[in-house]
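Chain IDs A, B, C and D follow the sequence of writing; residue 1 opens each chain.
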Amino acid sequence: MQIRVQETPFDYGAESARFTDGCNGIGAVVTFCGIVRNDGGALQAMEIEHYPGMTERALAQIAEEAARRWTLADCLIIHRFGRMAPGEKIMMVATASAHRADAFAAADFLMDYLKSRAPFWKKEFSGDSAEWVAAKDADEAALGRWG
Amino acid sequence: MQIRVQETPFDYGAESARFTDGCNGIGAVVTFCGIVRNDGGALQAMEIEHYPGMTERALAQIAEEAARRWTLADCLIIHRFGRMAPGEKIMMVATASAHRADAFAAADFLMDYLKSRAPFWKKEFSGDSAEWVAAKDADEAALGRWG
Amino acid sequence: MTLEILYFAWLRERIGLPRETVTTEAATVADLVAELRAREDRYALAFSDLASVRVALDQDLAEFDAPLAGVREVAFFPPMTGG
Amino acid sequence: MTLEILYFAWLRERIGLPRETVTTEAATVADLVAELRAREDRYALAFSDLASVRVALDQDLAEFDAPLAGVREVAFFPPMTGG
């Protein structure tokens, strides 16, 4: 289980390859990468605040719960904080398992929980305005999928 | 839509990064990588036969169906044929979308269909024996998830 | 009618050929399979259990009752195991 | 009892502090929120709609009726929006 919370960018390709090559005897790796969108072209920057200490703790708890529910060889979560421009990679998760169903379900689960249970908050800067992103009902509702 | 059927290895990290950086304005990329397992340590090699011409056609049809069902900025399928050792990467799919739910569902769908509807056949070599891998009922049943 | 017939995986191994050209008046895939079975034991063996044989007509998956009119390439193979 | 209180995102901005140390006899999170609200308008404003406030006690998510006995760090923040 690998958890990293950092301000600096990460190398998505290199991290994906390193994670995959570091797992022995597995058959399936699923990776998710979250990227700063620029919906209408107006977004200038995104800033992510987090709760140092609790963040790492919450991510570890979410990863442990995934490892209890599915058979995983390993999982990785990298999440950035601080200021990012559109197109920059915000975070990634990766899961490795013998079989694809476990790897898919665990990655999907990690994302759903991370969205609504890990202490990150996004603020969007466009033109003269700066607004905190509101949590989506759909994200909270997604947790219901996991029983 | 990018489809590649090839005998040579591919660079999973580089392909993941290239795919992700090649998509503009997206928020989510999901990647799957399939790897030759070595279950009990007995497997020496895997050989994949395919049906040149039909393979590319079937993969394109599966990718087009995914693009009809979900909002995708792009998708990528790379699948190898020929002889591979345990630990080698057999194939990958990647999907890019504005939102994670579409990217996850489309990647999961591509894998389910590719497993049972694209003309690839695996043969396993261990010790003196060489056996064609039997299709799993679970793989055929998985298609039922997509209605 | 002249058809190009392709065999893959264990069908190719049992029949001992990757492809062959046949002239036939078979109306459907099932008729063609009946003709092939009657030829030699290796064909009869390869087609002994049709539940584990799939067919593609001009590179699209098809059923055994599909008509052969207008078809140029018929492929027989086991259930796919890619990914 | 002395508590370290942390505020994040718009709660931090409305209150104007990232953290503060308070001495309180509040038995539960709800009691503490009532005390804070009574202090000044900026607190009252920050805690005006508790449906959009989450709380963590010693870095674990908790409910507003949770007891504060033994707790050292209380954090208030909006619903999370990571990923």
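Heads up, the rule we're going with is that contacts are C-beta pairs under 8 Å (C-beta built on N, C-alpha and C of every residue); 3 or more make two chains touch, one makes a residue touch a chain.
Since we're looking at a predicted model, the values are computed, not measured.
Trainee: For chain A and chain D, which third chains touch each of them?
Mentor: Common contact partners of chain A and chain D, which must touch each of the two, are absent.
Trainee: Just how far, in Å, is the C-alpha centre of chain C from the one of chain A?
Mentor: Taking the average C-alpha coordinate of chain A and of chain C, the gap between them is 48 Å.
Trainee: Indicate the whole-number Å distance between the mean C-alpha point of chain B and the mean C-alpha point of chain C.
Mentor: Computed from C-alpha means, the inter-chain centre distance equals 26 Å.
Trainee: Once you find the CA centre of chain C and the CA centre of chain D, what distance in Å lies between them?
Mentor: 72
Trainee: Would you pick out the residues of chain B that each touch at least 2 other chains?
Mentor: Residues 34, 100, 111 of chain B each touch two or more of the other chains.
Trainee: Can you list the residues of chain D that touch 2 or more other chains?
Mentor: 83
Trainee: What are the touching chain pairs in this one?
Mentor: Result of the pairwise touch check is A-B, A-D, B-C.
Trainee: Which of the residues in chain B come into contact with chain A in the complex?
Mentor: It is residues 11-18, 20, 24-39, 86-87, 89, 98, 100-101, 103-104, 107-108, 111, 142 of chain B that touch chain A.
Trainee: Could you please specify the touching residues of chain A with respect to chain D in the complex?
Mentor: 34, 48-51, 53-54, 57-58, 79, 90-91, 111, 114-123, 132-135, 140
Trainee: In the complex of these two chains, what residues of chain C are touching chain B?
Mentor: 6, 8-10, 12, 56, 59-61, 75, 77-83
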